[in-house]
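A, B, C and D label the chains in the order they appear, each numbered from 1.
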Amino acid sequence: MIILNGGSSSGKSGIVRCLQAVLPDPWLAFGVDSFVDALPARMRGADGGITFAADGGVSVGAEFRALDAAWAEGVVAMARAGARVVVDDVFLGGAASQQRWRKALGGMDALWVGVRCERAVAAGRETARGDRVPGMAAAQADAVHEGVDYDLEVDTTHTESLECARAIAAHLG
Amino acid sequence: MIILNGGSSSGKSGIVRCLQAVLPDPWLAFGVDSFVDALPARMRGADGGITFAADGGVSVGAEFRALDAAWAEGVVAMARAGARVVVDDVFLGGAASQQRWRKALGGMDALWVGVRCERAVAAGRETARGDRVPGMAAAQADAVHEGVDYDLEVDTTHTESLECARAIAAHLG
Amino acid sequence: MIILNGGSSSGKSGIVRCLQAVLPDPWLAFGVDSFVDALPARMRGADGGITFAADGGVSVGAEFRALDAAWAEGVVAMARAGARVVVDDVFLGGAASQQRWRKALGGMDALWVGVRCERAVAAGRETARGDRVPGMAAAQADAVHEGVDYDLEVDTTHTESLECARAIAAHLG
Amino acid sequence: MIILNGGSSSGKSGIVRCLQAVLPDPWLAFGVDSFVDALPARMRGADGGITFAADGGVSVGAEFRALDAAWAEGVVAMARAGARVVVDDVFLGGAASQQRWRKALGGMDALWVGVRCERAVAAGRETARGDRVPGMAAAQADAVHEGVDYDLEVDTTHTESLECARAIAAHLG
């Protein structure tokens, strides 16, 4: 199992798709976006759910956290059942978010990957995407890495997704 | 856990979203579409993966099946961890596909729901969607229900998604 | 040129795709959704642009109207240049919106089609889609038809998109 | 009117969204992708329409060309009607494709922008996107620029979309 953590628009999804392309075995990809898609529509923008503020801030409530924890356990169970799984997440809680995954992993091993991108560059890519609340990239660029331990870190500021994926694949051995 | 089975363009996704809207508790929704999205791009159209024939036929290979089984175990694990989960699937193998879910469920209960739609109507809705290989709806309309046992069946031919969802919610009690 | 008018979730897009499938010649399809996609992201939710209120109300500003008028002229110019064009629109201004198209058409002929759907059914389909602000379907169901003249009307409440498309195609002759 | 030309995955769409963000006035954005979306589904993969070969080659037929010409005239008509319009296109025919736009423009001015990206980098970004036929980026990287005249060229290989957009905006004055 591989777990990527990085802020919004740091390039996680692109790296994940490149990883799926360069790794010889098939890997399943899940992430915070697919989790949010799995939620009831009414939880987006609601107390208890996930709220995107106009300044790019994201806050999540108790129901979101409970479902998120169950989701993480299920994703780990897929890996335990034999699937290779790569997950991309946004550790809004920094070290506490990593701890949540560690709990879900039980004793299982995972490769922890930090995906960095300079704040201004991530903000520009957010503009280029056009489908995100402006400000998320800048707000999350550094905060999501606070107190998090990684096996390796990649930086998409000057390195293409495919190269980052190759570095991760090389680390897997 | 609720498991819906029906052919392509039978209206499963619409029912799932309505279920998420009418059920008072939050339910996570997963399905065959989100599973296929999680696969490496190269498995679409490849041996071992999932192939969409020009006539609407769908065939899946050994790697697909192995990942699918692990995915199903993980989805069940989410339910076991406390999340309410609704799944929509296409039982290409009919009774054998149901058996695969039963195996993943272990002893856990699920509500089995058949989603029917008259072949010609499903084919028309496939045309109206415009994003599916023409022929899938007709090819799957009846085949996916062969030998499958349900707790209840809904038919979208003349019944709206929301009404179908209400019938399912009422059955849950 | 064919111009369809109907409220949100009344089934316009499905009818358009069916029309493209049943009409022997190729028709280009444009609509209010593709127009909104062509706008700068910052115009969504902004004064001057297009705002979706929490109750499903939609309001548009002066810049939106000016670009919309130019867009309509361009779509008509495609038809004048020899393309068959089908447009789906939401006449938020009722008769005034039709007048705007008439102005763009100059003397050119168009087939005016009203797409009706009972308010409660459209609201249910909005829930089934899950990607629209709840309330738009109900708010627009009747209002968009006020004072508008049609060559024919279809009603998706009990009629499939494909049948509606065939009725329109038959009317074209 | 601004017309951007570049191969698949060269970064045109990102630049367009950044242009819409940095330019003070609102600009409408259209492009080859929105045009293909406007075609009947049956024209994708069909003689007369647009075909994507397994090796990334793209070929278009007579019906496609006729509708494309009418579309270009309509887009120019939007600009003539007062809208600011930015178009991104893939000049599969090189200089001949530019000539087609010149014909549609009549005497109207346009800013011609070449969007370059090193072949290998564009191919890597195609992998990172995961939604394009592999090989298109490499096949088009150089071919689309053959014989085309530009007012300015940008290169996304080492320059972010936002910086490219700023260079274009500065050129507009």
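Note that in this section a residue touches a chain if its C-beta (ideal position, glycine included) is under 8 Å from a C-beta of that chain, and two chains touch if they have at least 3 such contacts.
This structure is a prediction, so every number in the text was calculated from the model and none was measured.
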Pair in C-D, A-D or B-C that repeats A-B, with over half of contact pairs matching by residue number: C-D
Farthest chain (mean CA position) relative to subunit C: A
Centroid distance [mean C-alpha coordinates] between subunit D and subunit C, Å: 27
Where subunit A and subunit D are represented by their mean Cα positions, the distance between them in whole Å: 32
Inter-centroid spacing, subunit D versus subunit B (mean Cα positions, whole Å): 38
Contacts with 2+ other chains: residues of subunit A: 17, 20-21, 41, 130
Subunit B residues touching subunit C - in the complex, by the definition given at the top: 13-15, 17-18, 20-21, 121, 124-125, 127-130, 158, 160-163
Contacting residues of subunit D [partner subunit C, same complex]: 17, 20-21, 26-30, 34, 37-43, 48-49, 63, 66-67, 69-71, 73-83
